[in-house]
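Shared chain: chain A. Partners: chain B in the first complex, chain C in the second.
On to the complex of A and B.
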């Protein structure tokens, strides 16, 4: 059993990814949708607002209207695009968001500390949170009956409100909950890079103990959260986390074969 | 210079002239983080605990 997360940034070849993925069995797919969200939200006159936490993590500010557009793009367009492609490739995929059947449940953050114009501030009203429970019963029911779950944020709060959660960390929580051996995170970059401008500078191997230092030294932008997700997955019992690129043919197979960053 | 009393230790805390609502400041005496909850009247409260998880 493994969990694979496919990102939502520009440049990802979803057709190539699905062709590759369709050869495998016994997995759960988690996906993102960030570039589509940005494009559609902007077209709808609601461009994304990003905030930076005091420790340097960047995230989207999610008010109710943003969350509704988020649902349209992630649980609608992106999720059904992947389900359709998988069905076309002969995989009996079923697309669900974390809301459905409370697959991804957690708590909404009451207040966030952010840096704005160089000043530390408290931000309230952000509909984001952290996953604390995964409905493995429902996922196993689907897997045991031959369905391939295709999952996406948002998650659901204990109060029954949709919350935006990070997709990489979602995938990590799912991998831990399902006792998956491996978590594969594919994106538009080929792994953790020593130099973010140089795609050839992939760091091939990272140990658990190096993760925190590498978050500070090498990781930029969303790569920080991928490393955080890797750390959470390993701490939860997942044997290895692989970070790989999904711009070309056979991205999953190549990553499994060692092209990318292996964290264990 | 604007000044308020630290709700934790009672010391006087100086605020920048251009302080904004929800800004976090640190009490120099006890080191606690304070949030500016109101500008008029000027009021501070203990800042909430760190919340460091983020969405997509």
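On to the complex of A and C.
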């Protein structure tokens, strides 16, 4: 059993990814949708707003209108695009958001401590949070009956309100809950890079103890969240986390074979 | 067991509907999203195109781009809005399109015979079709485990391609497949009207034999499809079909109590 997360940035070849993935069995797919979200939200007159927390992580500020657009892009466009491609490739995929059957349950953040123009600020009304419980009963029910779950944020709060959650950390939580052996995170970069400008500078191996230092030194932007997700997965019992690229043919197979960054 | 379809036209009060629905057990919900689709597709520069078939029924012309927007609005915005409201009301809802687990499987129309400017014309490339099979195994699996399915088009063709299908007829097919006793179709009109301009002119009772004549005489626009759906449901063994309004409080309860049009 493994969990694979496919990102939503520009340059990812979803057809090649699905062709590759369709050869595997016994996995859960988690996906992103950030570049589509940016494009569609901007067309709808509501471009995404990003904030930087005091701890240095970047996240999306999610008000109600943003959440509705988020649902459209992630649970509508991206999720059904992947389900259709998988079904076409013979995989009996079933697409679900974290709201459905309360698959991804958690806590809404009370307030976000951010840095704006160099100053600390408290931001309220953000519909985002942290996953604390994964409904493995429903996931196992589907897996046991031959369905392949294709999951996407948002999650749902204990009060029954949709909350935006980070996709990489969401995949890590699912891997932990399902006692998966492996978590594979594919994106438009080929792994953790020593030099963000040089795709040849992939760091091949990272140990658990190096993660925190590497978040500070090498990771930029969303790579920080991927390392944090890797840390959470390893601490929860997942044996290894692989970070790989998804721009060409057979991205999953190549990453499993050792291209990219291996964290264990 | 009953199937309830809630429309997507302007004026429907989804909060009142969910408050009412949350009191019931053992049902499947099917929903529409037409007014939201029109609004969002227009904002995205791709307003819906409607065509009229030679037999007088109106339907949406669905090319690939329209289908993606359809997925965004129906499977993304509307489906997750209803799932969130139901979850908030304590119902363990699970939202699915017909693609997911091949719940709604069918045949893509080869070509559409339409009337344009009074002349017959053949239209190709339309990603729409007819549902021929409902995956009751998956629906029952979910119902038996305490989940309430919330379903939306599109369906999926035997070749694994998404196809747009009519929501009312989709609800009828599900009711037949699940051997439901009752199909309730709620929309922004209070039932079949003798005079489309007069909401007081609801026809209280329609028999199976009257349906065809009433499609010709009283039904306008989407009401024609609702009567066709009613006919398909009755012919498939559903005992009665109720058409009711969803603009005020307790729309389902009022319709079950006899407001609206009863077809049996």
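Keep this in mind: the second predicted complex is superposed on the first by the 264 of 264 C-alpha atoms of A that agree within 3 Å, B and C clash if a C-alpha of one lies under 4 Å from a C-alpha of the other, contacts with A are read in each partner's own complex, and residues count from 1 in each chain.
In the analysis below, contacts are C-beta pairs under 8 Å (C-beta built on N, C-alpha and C of every residue); 3 or more make two chains touch, one makes a residue touch a chain.
This is a predicted model, so every value here is computed, not measured.
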Where does A:46 make contact in the superposed view: on chain B (first), on chain C (second), on both, or on neither? neither
Have a look at where A:128 lands relative to chain B and chain C in the superposition and call it first, second, both or neither. first
Touching A:247, do we find chain B (first), chain C (second), both, or neither? neither
With the two complexes superposed on chain A, say which partner A:109 touches: chain B (first), chain C (second), both, or neither. first
Per the contact definition in the header, classify A:96: touching chain B only (first), chain C only (second), both, or neither. second
Could you look at A:166 and tell me whether it touches chain B, chain C, both or neither (first, second, both, neither)? first
Looking at the overlay, does A:147 come into contact with chain B only (first), chain C only (second), both, or neither? second
Which residues would you name on chain A as touching chain B in one complex and chain C in the other? 74
For the complex, which residues does chain A have touching chain B? 32-34, 37, 53-55, 57-60, 62, 70, 74, 109-113, 119-124, 126-130, 153, 163-167, 169, 225
Contacts from chain C onto chain A in the complex sit at residues 40, 43-45, 68, 71-77, 79-81, 83-84, 87-90, 92-97, 99-102, 137-138, 141, 145, 147, 154, 156, 159-162
Chain B residues touching chain A - in the complex, by the definition given at the top: 20, 22-24, 35, 47-48, 50-56
